[in-house]
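Structures for review follow.
The following pair of complexes shares a single chain, subunit A, combined with subunit B in the former and subunit C in the latter.
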Partner chain A sequence: MGLITRLSLRNLFRQKRRNLFLGAAIAFGMSILIVANAFSHGISDTLFNKMIVFIAGHMEVDVIENGRFRTPVMRDRAAYVSLITSNISGLIEIKDNLSTTCRGIGKGKSDLMVIVGVDINMNKLSEDERNYFSLIGGSYEAYHDRSVVNPIFITEGKAKSLGVTLNDQIRIRLQTVYGQSQTAMLTVVGLLKSKNAYMDFAVYLNPTDMKALMGLRPQETGALQLVLKKPKSAIEQANHLHDILTSNIAVIPSNIAGISPNWVMCLKQKHHASNTTLNAAWIPLDMAQTLHLTTGNVMSLTHAARFERSPIEWTLNVVKIYDNRTYKLPTGTILVLDQSFYKEYYANIPPIIPSSDLLWATLKQSPFKANLGNDFDILPRSSTTKEFTKRMKDLNNEKSGVAYIDVRTMYETASAVVKMEGVLNMVTMIAVLVLFFIILIGVINTLRMTIRERTREIGTTRAIGMQRRDVLMTFVLETFFLSVFSTLSGVIVGLLIIAGLGAITIQTDSFFSILLVDKHLHFVVNPITVIMNLILIVTIAVITAYFPARRAARISAAEALRHFE
Partner chain B sequence: MKRIMIPVLLTLSFAAQPSVLNMMQKLDDLQEMKSDITAKVKMTQQKVDQSPKNMTMVYYRRDQDDAFLILMTEPEVEKGNGYLKMADNFWMYRRNTRTFQHVNRDESIGGSDASADDFEKRKLVDLYKPEIDIKGKELVAEEKLGDIPVYKFKLLGKVKDVKYPTVVYWVRKDNFLPLKEQSYSLSGTLMESAYFLKYTTINDRFVWIKGLFVDEFEKGNKSLVEISGISTTKLDDSIFTKSFLENLSK
Partner chain C sequence: MAISTTPLIHLSSVTKEYPLGNTTVHALRGVDLTVSKGDFMSIVGPSGSGKTTLLNIIGCIDQATSGSVVIDGQEITTMNDKQITDLRLYKIGFIFQTFNLIPVLNVIENVEFPLLLMKTFSKTEVRSRAERLIEAVGLSEHSQHRPAELSGGQRQRVAIARALVTQPAIILADEPTANLDSETGNQILELMRDLNQKEHTTFIFSTHDHNVLAYAKKIVKIKDGLITE
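Take a look at the complex of A and B:
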C-alpha cells in the first residue's frame, strides 16, 4: 500500500499544471462554500444570539390581559419564577421583559424609541452582554445613581436622532400597562456604541424606574425571558412548561360581616344575558335573606390580597338572586360577571387557597362549574410566527377579561429567521453543487486524459506484476490526494476571505445594517460544517474517479502495451 | 311651546350651582344619541415640520347598538378604507387588500392620536370621580372663558384603564356644554387641550361641530375637526356590516 500511495503522489506531481488548475477549481468551490455557510450562520447568529435573544430570550412566558399583547403583565413574578426554575433544565438566566415604545423629545428633535428596562451590572453580565453595553461616554455607576432622574444609556445613533448628548434630558410620553398616558424625563448618563440597527431603536433604563414608568408594582413584571444553556432545546422545554401549566377556577376569598365563609367567583358572561352594570353580582338566596338584599341593591365586602397588608374594599351591584339548590356551589358564593371580576382579581391578586380546602371538592361536584371563569387560560403553542401573530390578534376578540398565558420560543417568534437561514443554506448548497458538477466533469475529463496518456505505463506496470486493484487504487488515491489538498487549500482561502471581508467597515443606515455587527459583516465558521463539507467533496471526487479508474484497471497488460498514440 | 319651555326649565334647574356628578351626567347625556346619525367629518392635522394633512370621512353612528362605521373619503390614498365597530368588536378595513383586521384597543386610528379605546362606550361617571377638598366637598370654580361664564372642575380617574388619569373641564354655566377640556398624564403633565368651538342643535340636542385638539406635549401638533351635513334619518341596518364596506370597494 505504501508503494501505491507513493506512486499516486508521484503521479499527482507529474502533471503539475493540469492538477494545479483542477485543484484550484476545487479549492475555489470549497472556499465559496465555506464563506457562504459562514455568512448564513453569521446572519442567524446575529439575529438569534445578538438580537432576538436580547429581545425575547430563548423562551418567553407572557401573561396577556385584555388583549394587550404588546404590554403583558405578570402579577406575581415570584410564583412564575419558582415554577420555571423548578421545571426548566439548563437554565442560565431569567430576565424581566420590561419594554415599551414611546415618543421621545430631545433637543428640538423627536423620535420613536423603545425603552428597555435592564439591569446593566457589569459584574453580572455575560461576555456578549458586556460587549453589547460597551460605553463610549458616561459611566456605569451613573446608571444606578438614584439621585439622577431616570438615568438612561442611549446609543450614539439614537442620541444623534434626538439631538442629545451626555447629561441631556429627553422628555417621553408612553402608555402604562393599563393604557394610561404617562410622561417622564430621562437623563442621558451613558452613550453606547451602536452595534446594529436594532440597538439604535432602544434606550436602556434600570428595571426599578422602568416598572414605575409602566405602572407596574414591585411584585409585578412585564414578562419573563429565559436564556438556556442549549438554545436548541427551547421548543422541548417550552412544550414541557406549557404541559405542566394548569388553571383553576378563580376564587376570591371575601369577608362579609355575619356571613362565613364567603367567596367571590367569576361568572362567564357568554353563558348568560349580557349585563353592562359595573360589578354586577349574583348572590345566593340565603345571603340575600340574611343581609336583606334584593336586586338593584348595593353590597360591600372586603377581601385579602396577596401583596396588600390591608383588606381591599369592593362594592357590588346585586343584579340577580340565585337558588343554590340548583347550582350546588360552595356556601356563600357570590358570582360577579367576568369583566368586573377579572379587573378586581388581577388588580388585587387574592391569596392562594390550599388544594386541600373543601371548597375545591364542592366546586368539583357543582353542575354549574362550567360557567365559572378560570384564574387564567393557556394559549396553545404556536409553531410559526404567522400562527403566533394571528393568535395575538385574535385575543382582541376575547372580551371576558381573563388573562392568557403564552409560552413561546424564539423559533416561533422569529421563525422567519430560521426559514431565512434554511433558504440561504439551500441557495448556497445549490450554487455550490452546480459549481462542483462542473468541477467534477473536469475531474472525469482529466482522469480520462491521464488514463489515456498512461495506458502504456499501465501495461508496463501490469506486466511486471501490478494487480488490477493496485491500478485502480493508484488513480483513486491520486484523485483523493488532489481533492484533499484542494479542499484544505479552499478552507484556508475561505478563512482568509472571511477575515478580509470581516475587516471591512460598512457605513450604512439601510435595512442591511441589521445584519452587521459593529458595522462589519459577521461570519460564523462552524468546524463541524467545514469537516462535513470537506468529507462530502472528497467523497464525491473519489466516487467520480472510481469509474474511469476501474476501466483503466480492467485493461489487459498486452492490450495496454499495444496502445499507441 | 316646547321651544319656550325647555330654556325656561333649563334656567330654573340651573339656578343653583350643580354638583360635579350632576354635570358629569349631563356630559354623558350629551354623548348619547337617541337616533341614528350620519355626518361628514373633516380633520385637518398639523404636525411639527410637516405640511397639514386633510382627512375627510363619513361617519355613521347608531348608539342603541353601540355601532358606528367610518368611511374614509379623503385623501385619495385612504379613500375606501374604513372602521367598523359593532358592540365590543372593532375592525379596520383596507380597500387595497379587501381585508378586515381586528383593532387592538391601544392601536392608533388612521395614524391619528386617537386609539380604539377612545371609541369605547364608557360613561364619564363610571371612569372618573370629582376632585374633592379635605372636607370631602367637590371642588368647582366659577370662571370666565373669554366672555362666557363657566364652571371649571377636575375629574380624577377612579379606574386605572383610562387614557388620561386627570381631566379638567370648563362647561358653560347656562347650558353645561363643555367649551374646553384639558387632559393630564399620570405624572401630571398637560397632554392635550380640546376646545369645542362651535355647537349646533340636532333634534333639540346640542352637538359640537367644530373642535380644536392641541397636543400640549409635542408643541405644534394640533387637529381641527369640523362636522357638517348632520342627519338623524334612520340608517339601514346593512350599513353597520362588513359587506357594506366591501361593496363600496367593488
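Take a look at the complex of A and C:
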C-alpha cells in the first residue's frame, strides 16, 4: 500500500466520530436513493412490462372503420404483421388486441368488465405470464374446450363482484366490430388469483371465441400491440412505422361480362353533390353504350376477394354516366360513392394489384385522381394524450367510410401511468439533490475542521519534503475512502430496507393497488443504476473535497508550523 | 576523515518581514551567515529575536523578503515550490521543538516517511535504513509504537532518526530540548553531537538555554533580527 493511501486510511479512522456521522449521513442518503430508485424501477417495471404491455403494448397499430375507435378492426392481419416485423427493431412480441368493454351480469350482481382475448397456453407463455395466469381453481384444458360455451378465466376479485364461481355463467351484451349489438353467455372455467387491481378489470377468453363474439373472421384481428425490448424507443419506432406507411388509391378489380379490363374505384362524396342512393355508381360513357345502360339502371358485377375463394357479386345503381376524355381514368373504371364503396371494399378486401400494373401509371396521369378515395388514410401522430383523444373523437364526424390507420404508443394512450413514473423519478431526483446537499455540506465542514486540526501536521510533512500534490491527494483520498465505504454501506442498508418492505403484505383495494405485485411492493434493483449512483456520489464527494484539500496543500510550510489550535 | 570547510550555507543580506495587522514586523534585518559542512552550530538569542525565522529560511520552509540564500551551492530564491520541496527532502533534516511526529504512523513508519517520499529505494532498503537509525537512537524495542505511546525524549529521538534517515547535508533543530527535562535534553544533545562527530552531519540548532550552548562548536548570537557575534 502506498504511503499516501496508508496515511489517508489511517487519518480516516483517526476522527472516528466525525467521520462516522458524515459516513452515516451519506450511507443513509445512499440507502434512500437505492430504495427510491428500486421503487421507481419497480413501478416502471409494473407499468411498462406488466400493466401497459398487458393493456396497450408499448406501441399499437389500429385500423379504425367508421369512427369506431373503441373497436378497431384489421382486415388483413398477416399483411400488417409482415410490415411491422420487417420495419420495427427490438420487437419482442406482436399481440392481438382482442378486447371489448361490456357489462356482465352474474348471479344477482352485475359489473363492467373488459373481455380480453388471449391464448393461455402454458407451454407457450413466458414465466411472468405463467405466474400471472396461475389458477386457484378450474383447469387450463377447459379454457380451450370447444364444447364449453365461451370458456373464461376470471379473477377471484371479479368473480366476487359478479357473485359467480366455477362453472357459473355470465350474461354479456357487447357490440361487434360492425357496430351491431349482441348478447352472449360466458362460462367460468378458471379462477385466477387477483394480483393487482387492474387485473380485476378483465376476464380472459380464448382468441377464437373472442373473435367470434366480436364478429371478426380468421384473417382479421382487432389491433396489433407491439412489445419492445426498449420501451422508451416506442415513439421513435412509431414515427418510423408511421413514415413508411403509404396509402394507394383504392381499387377493386372486377368482372362484367364482355368488358375487360374493369375496375371499381371510390369517388369521394365530399367533392360532389351528396347522393344517398345505395351503391350509387358512375360509369364511363363507352361502358354505358356497350352495356346499354343509362342513369337509374341497375348493373351487376363480380369481383375477387383476398380471403374468399368464390367471386363476390355486387349490384350497383347507375346514377351518372361520365366522359372519360376529361377524367382520363383507366379504361373501364366504375366510380362508386365512398360510403358504399368502402363498405364493400373492407368487407371483402380485394386482391393486391402489383405496383407494376399499368393501372397505377394511368391513375398517376389522371386529372381526376384527387377525387378518388384511398385504400386507407393515415392519422397524423399524436404528441399528447389530449391530441390523441381529440383525434379519436373527430373520427366520429368522418362520414366517408374510409378506414384510418393510427400508430400510437403508450406515451399517448397511457400518459397517466407514464406521468406517474415521471413523478417517481422526480421524487428520486429530489432524494439525490438532498443527498448531494448532505455530501456537500458534510464534506466541506468535515474537511475544514480536519484541515484546521492538522495544519501543523501539513506543515511538518511539507517541511520534511512532501509535495503539495501529495498533501492534496491525502485529503482527497480520505474523502474518497469515506464516500466509498459509506455508499457501499448505504447500498447494503438500502437492499435490507427493500427486502424488509418487499416482505410486507399490503391489503388495499385503492388505486395504488395497481402498483402492487402479489400484494407486495415491487422493487427492481438495477445494478447499473446502483453503480452509477455510487460513482456519482463518490465523484461529488471527491470534487467537493478537492477545493479545501487544494487550499490545505497551498498553505506555506512555515505558516502551517506556526499554527496553534 | 577531514571535515570540508567549503561553505554549505551562505546567507547574504537576508531580511524577512511579516505583515502584522497594519504594521510590519522586521524579523530579520540583513543577516549574513556562512555555515561549513560538519559544523555543530547553535543560534542563540532571546524569544522573538529571529532564531526560528533564520532556521526556517535556512531550512527553505520560509522565503527571505530580500537577500541571497545559497544552500549547497544552489540559490534558493530563484527556485519554484517543487524544487525547494525536493531540496528539503534530499538535503535537509528537521528536528522540531514539539517533535512533530505523524500521529497515525508508528515509530518505524515515521522514520521511513521521508525515504518513502523519495521513491528511490526498495521497500527492503527503506526498512533496513529505518531500523538502523532506530537502533542508533536506541528505540528498537519501540519501533511498532505510535508517538502517543512514547515519552517526550523518545519522540525526539524518533524525530532525530527521521531527520537523519535520508542522510541529509544539514540538520536543523529548533529548540530541540525545550520540551524535555534537562537529563533527557542532555541525552538528545549528546546523541546529536555524537552523530555530528561520527557522520559529520552539519547541525544547526536554535536555543535560548545557556546549558545547551556547552555542546555547540560554534555559536551565533542573534538579537532583534541581527547577528550580533
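Here, the second predicted complex is superposed on the first by the 537 of 565 C-alpha atoms of A that agree within 3 Å, B and C clash if a C-alpha of one lies under 4 Å from a C-alpha of the other, contacts with A are read in each partner's own complex, and residues count from 1 in each chain.
The rule is short, and it goes like this: a contact is a pair of C-beta atoms (placed from the backbone, for glycine too) under 8 Å apart; a residue touches a chain by one contact, two chains touch by 3 or more.
Because the structure is a prediction, the values reported are computed rather than measured.
K.L.:
A:298 contacts which: subunit B (first), subunit C (second), both, neither?
P.N.:
In the superposition, A:298 touches no partner, neither subunit B nor subunit C.
K.L.:
Is the number of subunit A residues in contact higher for subunit B or for subunit C?
P.N.:
Per-residue touch count on subunit A favours B.
K.L.:
For A:449, decide between first (touching subunit B), second (touching subunit C), both and neither.
P.N.:
In the superposition, A:449 contacts neither subunit B nor subunit C.
K.L.:
After the superposition on A, what does A:20 contact: first (subunit B), second (subunit C), both or neither?
P.N.:
Neither subunit B nor subunit C is touched by A:20.
K.L.:
For A:438, decide between first (touching subunit B), second (touching subunit C), both and neither.
P.N.:
neither
K.L.:
Considering only touches as defined above, state whether A:531 meets subunit B (first), subunit C (second), both or neither.
P.N.:
neither
K.L.:
Tell me the contact category for A:110 with respect to subunit B and subunit C: first, second, both or neither.
P.N.:
first
K.L.:
So, A:122: does it touch subunit B (first), subunit C (second), both, or neither?
P.N.:
A:122: touches no partner chain.
K.L.:
Residues on subunit A in contact with subunit B in one complex and with subunit C in the other?
P.N.:
none
K.L.:
Note which residues of subunit C are touching subunit A in the complex, please.
P.N.:
56, 59, 61-62, 81-82, 85-86, 88-90, 94, 96, 98, 100, 102-105, 109, 113-114, 116-118, 162
K.L.:
List the residues on subunit B that touch subunit A in their complex, please.
P.N.:
Interface residues on subunit B, with respect to subunit A: 48, 88-90, 101-106, 117, 126, 157, 159-165, 183, 185-187, 189, 191, 217-218.
K.L.:
In their shared complex, at which residues does subunit A touch subunit C?
P.N.:
3, 6-7, 10-11, 14, 456-457, 459-468, 470, 556-558, 561
K.L.:
Can you list the residues on subunit A that touch subunit B in the complex?
P.N.:
66-71, 103, 105, 110, 171, 173, 175-176, 178-184, 215, 278, 343, 347, 393-394, 396-397, 399
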